[in-house]
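As structure tokens, the structure follows; a few thoughts come after it.
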């Protein structure tokens, strides 16, 4: 089988991460996964949401958006429509939940880290690229807090990265681009830690179903892809930061 | 291990389905899963959403809501807040997507089936109870279309039901009630067909992660539970309707 | 004259009230007036709205909604439309105002009782059924406060119930079902206390007018119907609670 | 008993109606009832709302608003709050419904008359002043359609005017100013035709109730007040227009 | 060249200002510039917006609206549409900003003056008439604070008024009415102080451009017109108030 | 005088324009003016807004947004707040209006060009950078229409670019960065064509005023700066496209 962009079934796209892409954010990265490009910024604020007031814990949350021409045809802005769509809400809840799974919120202290993931070009896998990039932006911001003496130890227990897998023409493939994603019978987003544990699995067959064997093949591919992404995160973050984790 | 309500790890709660609960809807059921109660109604309309106009296909969609005191403390109405929350959107998208996976939209013809799932009491598992009940309501509505001669054959390929599984105190358990759901380290919603294929898997660990072995145990439990639910659906729908499926 | 469902002009429909229908609410009832069914729950919260802060008074308020297939054709959810309609606002203001007329807000203390009236099937008279049912739910909730020692005396001065009357084909009739309501020339909602005093009268002729004599006939019918409803409330609440009122 | 502004219980305030107050509207009037001032404009558009399309009938509808300093303390604009309040919706529905009761919508033809009632100073009775003024604005606009040959006959069957009555310190009084309205135990808005038939009665006791005898006294006062208002409408509209009605 | 209403290029329309037009507002004026009529009210509240809390400074802000038939065809209410349009926001920001330029916010103290400009008839120049009128309403309100001893000195440094100028058929003209405004190639709003300094200049050519010479001619006309308007403000405010300024 | 970044009063910041920055848009550019960075995309759609239907004319419109960390502290997303702010509306109206002033809408034909200006880093002058960049994106999109034979001639009459000028510490300076903008007594945005004619001038003194002499100095600076920007546009667009204009 030939994939639409010539890749092998188990091959991820070229990934680039430009750190400190934004001069204001406490941490930031431009992540490029093939033609998918997401600006991830991490903002640290010395306050927590109302439901955490006074509990001595911090919070990690995320927001996600696309610029109108991130997509092939222009998408109407959610600000213009006056409300967030269901897809946006699902994605930003997913990003926040995933990052929280590796953060020790007590050790973070009463502060909030907000990860903004703004997709400036979308070619499939924007939510998984957002998670992979947001993790890096968050680490850069937390490292800055360490350097400023506001944190004594890094409150992060593990690495985290994400990719998509799917059944395309009956074959399990890794890291779907938009053309593949549109044609996939089954689409699964997998989020995993550096120690190989699952954080979240979302497998869905819009007009199809999948067997347990197929699921196992997809998870094998995803695991390999995510390990590759975590190696890249380590490279980008450098040894000093990478060694603080865990 | 003793579960909070005395059940065994692999035991589902008592399930009741009262069909034709509503006198206006084309199909309706009150589903009770333990203390969780959801009114599911199916509405058939001879129109399709704009993106399907003229394509000769139908549509299946869902909406989900809770009355304010479905929950232990009063929840503010989304109508009063002026917008749907992220959780509501995620759930109603999930219900619609799941049902569409077993419907032949071409065979349905240019009409829309809307499943309204209104939770009148919530004790865990409201989204999975909604899917299990909505399937029954949809079948009753489609059977009415068959009887009226508006459909030549039943446009449904398989049964579908859903349940939750999770790791509670390190033990995999089936069909979590609210108390268990709040305490679970990992929570997974599984939606499956009568032929044992997955429609959707959503596994998540808010402040935890899970291994592949744990995932396999959870899927075993879920499969058994869903098969039990599908037996109940067959009983409630009767042989005549059940035999039309597939 | 024969009414559409065989009743006599001055006859109300069969009324059932199932108390403690909801396991979470401080008070709850499922009221059925013919085919009209409303779930009424009373929530007690130890806070008051901003305009009453520090005045030593409590508040009683209400919200009203219908599930989409409460009606013959599916009604779009107000949460989906992003705002409450004028009819909903009118009704919920009416329910709250009516109940407040018999409550001693000083004696209630700085707490709020919220009555949620969720119509699960509508066949005319949903607002009056809501008032009749909400009164019962409120009494059950206040009785619970008495039992818990949070109230020394019952802060309610009188019973309250409501019904509709109208001119249908030139004849005054009591407790209109939907078919009659649609055909009525004049429609009047009457809310009355156990001692026979009016709380609210709303008479309206959308495309008609009515004479003072017709109004008097309608009020006679309404008075008789409401007295019957109040007898049923007393039965459902039991002597112990009923005797605390006044 | 002395009323706050020296009037007798059955005396209405000074009423002024300045016709053609606005140079663009098809009909317009500035109505002043004591210190209450409302600009009423009637707009005629050659279209009907969707639910009337193709039925050969017209529509009459109303909108109501107050400028922020119409009131003693500044009221936040509903446009700034992003939604209409419950009170506004109730009032504009009431105005529209009342006017429709005397209009022959078939004779009006497929057009819409919109009555905008903008309160520029409020001193009690703004909804009843709006109805009394909107009727005059509507008649002026319909007369213009007659003069332009767009209507063959006046599609209005009767006059209509409105006033408030209430129990203040136990005494029934007519046409309450704001100070009286705030102190009233019972407040009733009455809308009546030139032939003495009721269009709408809305009697309410926020924290009180009223007997049938009290209601009868209030209706006697209201009837007298409305007849006086209708005389003033006839004067302002002139014989030519007044004689077309009925 | 003949202007549409017979005026000379440099001639402003007849201006009337009726002070104390509203009985509740701390300051109010009905300003009429030709057929343009705006009710301006000034409300003084003893609070400041959150961003000024505790800074010992006051605030001046404005809101702007039009009644639906202020215009030739009916404009939909922004409250009904659920949001303010871009034009409204631009105008109310402009009015507030302009007035603040001559107010000493420290001297005003921790209070807010809100200027509501409600256009009841629009014939061009509503934003400039609003500014000219709002200034007068503000001065009347501040004078009341002086009389009540709440202000020791008038916290206003200068007069301020505004007018529009534009190129119509290639000729620079002053104070455009609606017919001219619609036909103008260039439209410029100029806001100026009593000492002849600019507060704001907004020149725009929707489908045209303008040279620097043209701009200079327009500014000459505007300066003359504004000086005339400020003379009228002085007359209306009287010597006592006028002499406090500066 | 030393400027905060060492520039001379009449010196603009370094400007970079990366064309075809986005792979989907018909025209796109990343414009960098100092540290201000804006992604401008031009979308061509074969439809016009309702008010232009059937008139044989096209439309040019713009939208503007900032990502949350475009700014020093995180700005809440307008999509999350549910509505566009006044500043955003003002800016996007300004961009659209400015571009339309040099486009021959008849020659454009019944199509819409939408310019999306998404600020990914803001350091002053985002609206003027948006206009300068949007012009380039629009030209690239129109050139594509020319190449595809959908346009016979370039429907653009002139170049257009924009910059800001202001009085900082009493000195007129060109192209203000954020630190200067915050400290400026007077801020003026100037939009000008390649032939030196004004399209729009917006001069404002929030808490200050300015003389006519000061305004003239500011306009001199702006004119020089804009001519420099237009030279850069020509370079980026190349001779082929540049020569089609006029």
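By written order: A, B, C, D, E and F. Residues from 1 in each chain.
FYI, a residue touches a chain if its C-beta (ideal position, glycine included) is under 8 Å from a C-beta of that chain, and two chains touch if they have at least 3 such contacts.
All values derive from a computational prediction rather than experimental measurement.
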Query raised in the report: Since chain C and chain D are copies that touch, is their contact same (over half of the numbers shared) or different (under half)?
Result: same
Query - Most distant chain from chain D, judged by the mean position of its C-alpha atoms - result: A
Query raised in the report: From the C-alpha centre of chain A to that of chain F, how far is it in Å?
Result: 33
Report summary line: Chain-centre distance (mean CA atoms) for chain B and chain E, in whole Å, is 60
Query raised in the report: How big is the gap, in whole Å, between where the Cα atoms of chain D centre and where those of chain F centre?
Result: 51
Report task. For chain D, jot down the residues that touch at least 2 other chains. Result -> 82-84
Report task. Considering only which chains touch which, label the overall pattern as line, ring, star, complete or other. Result -> ring
Query raised in the report: Which chains make up the ring, in order, starting at chain A and heading to chain B first?
Result: A, B, C, D, E, F
Report task. Please name which positions on chain F make contact with chain A in the complex. Result -> 22-25, 28, 35, 39, 41, 43, 45, 63, 65, 67-72, 74, 77-80, 82-84, 88, 114, 116, 118, 120-121
Query raised in the report: Quick one: in the complex, what on chain D touches chain C?
Result: 83-87, 89-90, 92-93, 97, 100-102, 105, 158, 193, 196-212, 215, 219
